[in-house]
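Paired with chain B in one complex and with chain C in the other, chain A is shared by the two complexes that follow.
Right after this comes the complex of A and B.
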């Protein structure tokens, strides 16, 4: 199969046929990668919903050089040979990204000071880069009461941006999905109908895939801000999953266990609920060493080796 | 006398009955197509006719059919989009209620052309009484050998099902319709792939509007060229217009495309003028989604030409001074109508009907409704008007399906043409009407 040549923000890259613009941009890396609030490469059929990754296609392909009439979702649009894409170089795409950020924040409670996700929240990152300085709305926001959607999972629907990732994770890695989207439009919500109905060995992954603080870990809630905890790669013998996790520690105390996330916030491997919720002692784990957080976000501040690719540890 | 294709025999009592319809020359198109024409011949006639999709988008039907991969080993489907729920549009209901056999005949001819052996009519949940009429008609067609195995001994078989939706406007979007038909939540799919490649159950599928399909028997009987002889420019044939609002004779009219708008509104044959001799203020020409036009621009184009009821003439001037034929929901407003209130009604509808899948539409529609509610309620500010324009601009074109556009266009056009009225609401701090 010959490789396809794509130009994204004047950088040329060669990718296989069937690659999306998003993944071609990720191959280049850095600033040209569009933000993704709903796309998750490990989940089939994800993406296309949040519209934050809209980009301009200035040239459709070498064969048909016409530009595409509308901005396209880079996570769901396949590249063509000779395609020219403008992401950060397109004022139109930047303008719409700012508008989408505003839309996503419209009903968001902006309760970052009390939200457990703060510091590793994709919506926070997005609004730092693309948000407006001031809010243009004083309309009443939609509100819901926080509920326990599963034994150890808290759902705060106010913060949800309806990315459908948790629905897909339940569809694709568990036997039976018991939660979903109820209702329609701005009054739609994630729910189970019955409290604490989500009960399976991999339900905790809903927390890992959630880009915002809508789904949080009850065993970690309000224990610490994430930037005060230090991440360590660790593993254990597990019969249900790979057992490869990240321990979030404060001194010798394990406060939280999550999957190992890459710089796009996607877990390398889904882990089981036993590893996530039940083994909170250091003796349960074989610690491999400190984890490097490559994501450009608050959690990569303070005590990590690199921030956005720049070494922050002074050379000896 | 204008040619009538869809409403020709509509006043004959008992037309929904098979025998009555048959006596009036019904099902001759099926006989002609199955006995004398190949599927490609039928497609060719439809292409020649220049028939455009009557659901709103106006995409040429013959071209839509030609996207189907005929060589595919998968089953092919023809789906009739009977989810008519656009505010102001009530033409399709009429066909199914009074003349269901013409729709069924169209379905048979269309399915034959596409090589489909299973076809569906997806009907809106609120039209349950129409569903019963259609189901009875389908049963009659089965009894008389026009549906089922080996129709008229031609070797062609077709099963036709009528499936009710649950009353969601979004299921009128073709991919949401297919999702709903498959038994899933009615969320529009992300395109491409288009239904002609991956449609119902992953198979090549054509989704056509009721009116489009009901026109097919006439085209097969009389030939595509005689259909193309009706109309003006690229707007061929006849179109059902459901006229409502402040007119003397609201109702469903079949017009030959190219009729002057002025004649349609004021002649006694059609709308019969504005009620109580009032002054015409504005018209929404093609269902709630299309831009609203003030009286002077709907009667004459910006260039001073008389405006005609055709795809091209109504669209002349782009969205700055033009609009669209859309689905034919013709809403007329006289000088007593409040544009802001009317727009609020539309905005509330789109907010309620947005599926909530993609963020610009989900959040934008509700934001616009909230602002309009404030302006109409006397608590708006001048800033709100510009904010509305800005929101509409950013919803339009950024969504998965056209519902976002449909919600944004009325807002943008109402402010474009009637800005003073919005400002008056703000200045008076109340609705002046």
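Right after this comes the complex of A and C.
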């Protein structure tokens, strides 16, 4: 199978047939990667819902060099040989991203000071780059009371952007799904019908995949802001999952356990609820070392991993 | 070596003249300078009876504001602590229980909020960082203490009194530009 040549923002890359534009861009990395709110590479069928990753295809393929008539969702569009894609070089795509951000924020409350996701929220990052400074709508935002959809999972429906990631986690990782999206259009909401119905061993992963603060860890609720905790790679012997996690610690206290997220916010391996919720003692874990978080993230604030470009932590 | 000023005089051990030897003219000259200062304007004031005029935006002791209904504005978002260059601020959040809506403005509040006044450099960055208009620096002076521990101010000192008459006035810090910004409805994120 010959490799297909794609040009994204004037950078050429060769990928296999069947690769999406998004994944081709991730192969290049850096600023040309479109942001994704709903696409999750580890979940089959995800993507195509939030429209934040819209890009312009200036040339369809080498055989048919006409541009695609509309912006396309890069997470769902397969590349073709000789395709020319414009992401950050296309004013049209950047304009649409601003509009989509405004649209996602229509019903999203500005409660970042209260929300536990603040600091690692993708919508926060997106609106920081593409958001408007003002609100142009007058209408009331729809509001829900926060509820417990699982024993240790808090659902704050106000913040949900309906990306369907948690639904796919329940479908693909757990053996049966007990929550879903009820209603249609503006009335859509995540719910279980029965309170605290989600009790599967891997249900906690929906907290990790949630791009916003709609699903949060009840054991970590309001414990600390994420940027005051220090992430450490750790593992333990677990019969259900790989046991490879990140511990979010404050001095010697384990405040939160999550999966190991890469730079696109996707976990490397899904972890079980035992590891996530029940082992909050340092002696339960073998700590491997501090986890490197991108320097521009607020989580790296005041952690002094480097001083004037020189690492203060000995390399492994 | 090059002289820094032109007031320096070379010292010599030459023999004193008679006028210098009796010292009296030198004493009179020196005393006249001293006595002249008795009648000049004093540069000191007798604090605390008398107080100097402060700048309108003097940065002294902090206050944690309540809103017009007496609810605490602070939601323990931690932005003041992360903005603090001296790392003087620490806090611990707690969840508001049903029935406490008249005490706290948001779902989350600061159960513990401490500022170490010895670490604080009174830069006002916490005030700038606050998204809830909860913390302000005021023109009050931090009282001196004999021990170090009392300088760690908790919520008992920082939160302003519930009584409307005893509230701390920070209107001087709310400039015209701020008031104008707040009047624009499109920017009204902070409801």
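Methods note: the second predicted complex is superposed on the first by the 298 of 316 C-alpha atoms of A that agree within 3 Å, B and C clash if a C-alpha of one lies under 4 Å from a C-alpha of the other, contacts with A are read in each partner's own complex, and residues count from 1 in each chain.
Criterion: contacts are C-beta pairs under 8 Å (C-beta built on N, C-alpha and C of every residue); 3 or more make two chains touch, one makes a residue touch a chain.
On a predicted model such as this, the values are computed, not experimentally measured, just so you know.
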When chain B and chain C are modelled together on chain A, clash or fit: fit
Touched partner set for A:71, first chain B, second chain C, both or neither: first
Partner chain in contact with A:188 - chain B first, chain C second, else both or neither: first
Contacts of A:134 with chain B and chain C, given as first, second, both or neither: second
First, second, both or neither for A:104, with chain B first and chain C second: first
Which of chain B and chain C A:118 touches, first, second, both or neither: second
Chain B versus chain C as contact partner of A:225, first or second or both or neither: second
Residues of chain A touched, compared between chain B and chain C (which is higher): B
Partner chain in contact with A:1 - chain B first, chain C second, else both or neither: neither
Chain C versus chain B - closest C-alpha approach in the superposed model, Å: 12
Intersection of chain A interface sets (partners chain B, chain C): 136
Contacting residues of chain C [partner chain A, same complex]: 75-79, 81-82, 87, 93-95, 106-108, 131-132, 186-190
Complex contact set, residues of chain B against chain A: 168, 170, 185, 190, 351-360, 362-367, 370-371, 387, 394, 397-400
Chain A - residues contacting chain B, complex: 47-52, 54, 70-71, 73, 76, 95-96, 99-100, 103-104, 106-107, 136-137, 139-140, 161-162, 164, 180-181, 183-188
Complex contact set, residues of chain A against chain C: 110-114, 118, 133-136, 146, 221-225, 227-228, 298, 301-302
